[in-house]
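Look at the two complexes coming up: chain A is in both, with chain B in one and chain C in the other.
The block that comes next holds the complex of A and B.
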């Protein structure tokens, strides 16, 4: 029982971090209909940057992540204005190919700059644990998930309590309707992409502490995150949260009662089973098929 | 210049015998060259190796093109089929001692089964999950094959025995094997493209909802296309494993291979027959050059990434279509105009579906379409609210009403674009509200759209012949444009006055012309009931008259119509009975002269103030204010 509880709590902690990482991806898809395959590469890129600053200065990696938020916001804005917006009117498939190309480019640059080897930021607390009742909770995991949840909360507040957020939600529900009431689709898309990218600042810095990474790690990450948003329902933020928690728990459970190597496989089998019965995912709405 | 003309001819999509022979000659010459090359230089192992790897990439790219080029569903993990095919063959070969080449078809069978299974789960609906699942499939399979050590040897891999033939010609048999598979794959892809199956795939790519409206069973087509796109990759995978003599998960389930497949197809031209082959040769050449000039596989990731971004941004159509467009700009075709006089002057259309006997006056005729208590809400909005509507056989029934009164939603419920929340829909004595949209099309229920939805990249003629009458295998394998079909389609195009446009791309037509083509397309289905959604919108007054005449003419030959239209004079002149919709249900029904003076109708259209001034003629008022 204790083992089960340990696995469950740890799974939820891990899932909380996944939720933050997946939130930017599902937000961008929901508003812009862009499947941003470069999201994983951006996370790994941020992790690399965090590691590098941490290694050079000794500043806490999670703190670096917070500082990087405006930087990544800017990166996202520029990437959208400079590259992504050029194809925004075209089909989803072109955006997939474009962002896939960007992912490869980022991976390639990281390879050239940092080399193809594993890294991990190891602040003083990285191998310490907290004991709560009978449960052992790694400090890094607790700090990481706390930061992730705070960021998600901030994202939620921005989306629900600011005009920008309302514009984003309006565009995600009905782009042409939003345009009619004076919301600039291009501006909103740029903002959304920037916000989506800004979430990787925190996500990537947490990644650098919790998971060893190297340039090609982004494939693991993107497939995990895409799996989460497919399971939760593409474009749905609550769906991403639930999907992420499910993945986290599935991973720790598989690791506890089986072997860690099979964790992602178990998760994907679960996704396929869900899709078999609910093709739109857990929280997804069906595409309005009457709209061309 | 001649070479270019050949290339251009092969592309033009038009099936003119002229273009076909020219491109056939070119293909023949290239194939002969590839066949004879090793005979002329049998001991040049390095170029042979480069070539056979290009063949392999071309096999993969041509296959990928079937699901991602023709059908438009991008697979980002297509190398999973190479790996699965290779491993299936290698596992059986190492255990049984049978030669891997003999077992290669097993690889094809295994991957086809996997594709059908995965396709069935993620391709049933129109959804963006497919591309994601393909990435996940590749990475997950790689993980499974790394972890399942007892079967696959894990990361240590599997070693196959060396081929039995002499070392001097080691690459030669593989060269011919891959060349042979490539030939088969190209033939396969060509056969798909020139049959109804291929046209259906293009239709799905262009507009999946419209495809269903003309009878295409999108789910079945897509799953089948995915299976077709896996088959030859699995076959090649079986041979490739033997060629390598060593299989490990990172090598066989390589992301980089998937990237190269996508890139090859994009560079050459997605959706064209030979584009993927040309792209594969260019890319494999560049890849080889990168290796020779000191590029590590990490550097290649960067190179491919940058090239992919550049291609998507600046040459999204690919090499062949770009060349083709350039060629067409240099040699513009003559511009045609709608043959209005022709259209107006044409006589009756000989419609093949004839009435069994003399029809009774429609008021006594049997009910063809029966809508019973149907409701549909979007969130809190009741778009259609417990609506009843009957269309009798042989009638031209009108459905009018203010914007937002639920007319188009009712059309969507009847044709199966959406499912009703409640109520029943019967067509010709059969309950149809549970049937898929394409099945309703097969029963003889056709529609046009408010904003026309033609397949823009197809020619006008291809558009008109695109409807399919059933889901049978025979239809799937029938020629895309058979002789009798083409003849009938030309006849229909002449009838609507657009005969001169048959080989133009539909995307090049004007709005009004598209409406007429869509009508011809719908007539090709030989429907019993045609739902016309604002047929007169955007058409000039003379053509509106002609359109009315056509509708009448078709109606006399037994076609029933249900018309949504804001052009009230046309409706009152043409239709009987007239249903008036407001707030999601019929508020009035009857002959035009009755409906015209119904106070409820005036109220619904114009509000209460108008209703209190009955001396204002409704027709004028509505026409003035309608859209």
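The block that comes next holds the complex of A and C.
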């Protein structure tokens, strides 16, 4: 029983962080119909920046992440205005190509500027754990997941309780209807992309503490995050949360009770099975276009 | 809340698969006897993973080759001709590496080729070279499968293939008094052609000595979370943990063991601890104490040209110490150079015959090969001591005669 609880708790802790990382990706897809393949590269870029500031100043990496939120918001806004907006009327495949190009550029720049090396931030608590009963809760993971959940909650409140958030959701549900009541599609898209990018500030700083990374790490991350949002339903925020928690728990349960070798495969098998019965994913909505 | 007004969801999937479809397959045509012009430089074709998954070791290998070429050219080249490297990027992709070597050999008509990095890439690349009857000296790629194909032109420029990489560690354990030997052991390993055979062969040898296996698991390369593994292993209390770790996974497991609070009496990891600074900063320098690994090269080894190599590398790259991968590449180039110089011409078959029959001195030490190109020496056993790496075996290469036989608790 304790073994089961331990695996469950570890899985939820891992999944909570994945959820935050996937939230920006699913938001941008839902509102703008853009599959942002550069999301993983942005996370790794933030991780690198966090590491660099941490290494130079000793400030806690998670705190650095919070400070970086407005910075990454700005980066996202500029990226949208400068590049992404140019393909706003193109098909979704264009967005994949464009953002894949951005991902390669970010990787290349990181290679040149930061060097092709593994890094990881090691604040004092990185190898310590909280013990609750017989359960082991790694501190870094607990802090990371707490920060992730607070960020997700903030995102949820913004989307549901502010005019900006309502405009974003309206644009996502019915762009022409939203335009009729005076919501600017371009402005909303810029805002969405900026918010999506801002989530990587916190996600990337958590990554720098929990996982060693180097410039090419983004391939692993983007494939994992795409898996999560496909399972949850592309464009659904609760879907991303549930998908991420499922991935985390599937990993730890398989590692504990099955074989470590299958730990990462089980999740993708779960995606296949879910898509067989619900092609739109767990929380995705079926549209008239999909049925036709 | 659900977002989405997407009329073309299916095309998303299609677009994603486009991303995966980067790569060109190509097939080689046999090279007819090359008429080597005696004028002009000798060109050596190399394809390396300069981007993608293996970009890190690939970049190091490139530096090793370049330092070698500069040193050779300063000394008047090979056979009186300058050496020119033609290096292309295969993006860590098997199809691209095949296309690259095919082009280098059949279109660019390079005089010689040198190997790429990792068994994964050297496996198909060496087949292209073999088909074109070009000598293929590889700086990495010790997976057992490399040497079961009966290739005549393949040579692995390290001391031993993967199955024999940990022999020296087993020997060390054998040399300990009965009471100091581990009684139980855990063997987690990444499913990597260069780590898995090391650990599997070690497990077999140690079981033969009566060390009981309490845990043995293979995990895929994309495994990032090791907490539940650490909990499971800690529950079995093994004296020895021997991990087939590439890099991140080595850091990941050690960190998780620290979080769980379990210190094994002995810790062995394959490649991860050889990444000096990156390893010690990843797990905390104090925690490196006592970690064992095997390695092909040491910066302080008194092998011919080693000091010159370390110095030339430091001069070229901001006083950095070469990584093992750079040294291996340098050694591979030394092997090829020796072959060409001894034969006195660029005759691929004669060079291959020479290397099959003779010992070659390199910065890694002397190397010899059997008829499949598998090397016949042994690796160095290294251990982290006081934040530094020491070579503890074999005796003639050791930098200290002290070993830490019981690993101190995590700090």
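Couple of notes before you dig in:
Everything that follows uses one rule, which is that the second predicted complex is superposed on the first by the 284 of 292 C-alpha atoms of A that agree within 3 Å, B and C clash if a C-alpha of one lies under 4 Å from a C-alpha of the other, contacts with A are read in each partner's own complex, and residues count from 1 in each chain.
The working rule: a residue touches a chain if its C-beta (ideal position, glycine included) is under 8 Å from a C-beta of that chain, and two chains touch if they have at least 3 such contacts.
Just so we're clear, the structure is a prediction, and the values are computed from it rather than from any experiment.
After superposition on chain A, the partners chain B and chain C are seen to clash. After overlaying the two complexes on the shared chain, residue contacts for A:74 are found with neither chain B nor chain C. Residue contacts after overlaying the shared chain place A:258 against neither chain B nor chain C. Of the two partner chains placed by superposition, chain B and chain C are both touched by A:220. By the touch criterion stated above, A:187 is placed in contact with neither chain B nor chain C.
Applying the stated contact rule after C-alpha superposition, one finds that A:31 touches chain C and leaves chain B untouched.
Of the two partner chains placed by the overlay, chain B and chain C both lie in contact with A:92.
By the touch criterion defined above, A:100 lies against chain B and chain C together after alignment on the C-alpha atoms of chain A. Here chain B and chain C are compared by how many residues of chain A each touches, and C touches more. Look at A:173: by the touch rule set out above, it reaches chain C but stays clear of chain B.
When both complexes are aligned on chain A, the segment of chain B among 151-159, 223-231, 547-555 or 565-573 whose C-alpha atoms clash with chain C is 151-159. Chain A residues 29, 35, 37, 91-93, 96-97, 100, 107-108, 111, 116, 215, 219-220, 223, 226, 234, 259, 261, 264-265, 287, 289-290 lie at the interface with chain B in one structure and with chain C in the other. Across the complex, chain A is touched by residues 68, 72-74, 76, 118, 121-122, 124-129, 131-133, 135-136, 139-140, 143-144, 146-147, 207-210, 255, 259, 262, 266, 298-299, 301-309, 311-313, 316, 412, 417-418, 451, 453 of chain B. For chain C in complex with chain A, the residues that touch the partner chain are 1-9, 11-12, 14-16, 18-19, 51-53, 55-56, 59, 188, 191, 217-220, 222-225, 227-229, 231-232, 235, 247-248, 251-252, 255-256, 258-261, 275, 278, 281-284, 287, 410. Of all the residues in chain A, the ones that touch chain C in their complex are 3, 6-7, 10-11, 14, 26-27, 29-31, 33, 35, 37, 91-93, 95-97, 100, 107-108, 111, 116-120, 122, 126-129, 136, 138-141, 159-160, 169, 172-175, 211-212, 214-216, 219-220, 223-224, 226, 233-239, 248, 251-252, 255-256, 259-261, 263-265, 283-285, 287, 289-290. Within the complex, the chain A residues that touch chain B are 29, 35, 37, 83, 86-87, 90-94, 96-98, 100-109, 111-112, 116, 215, 219-220, 222-223, 226-227, 229-230, 234, 259, 261-262, 264-265, 268, 271-272, 275-276, 279-281, 286-287, 289-290, 292.
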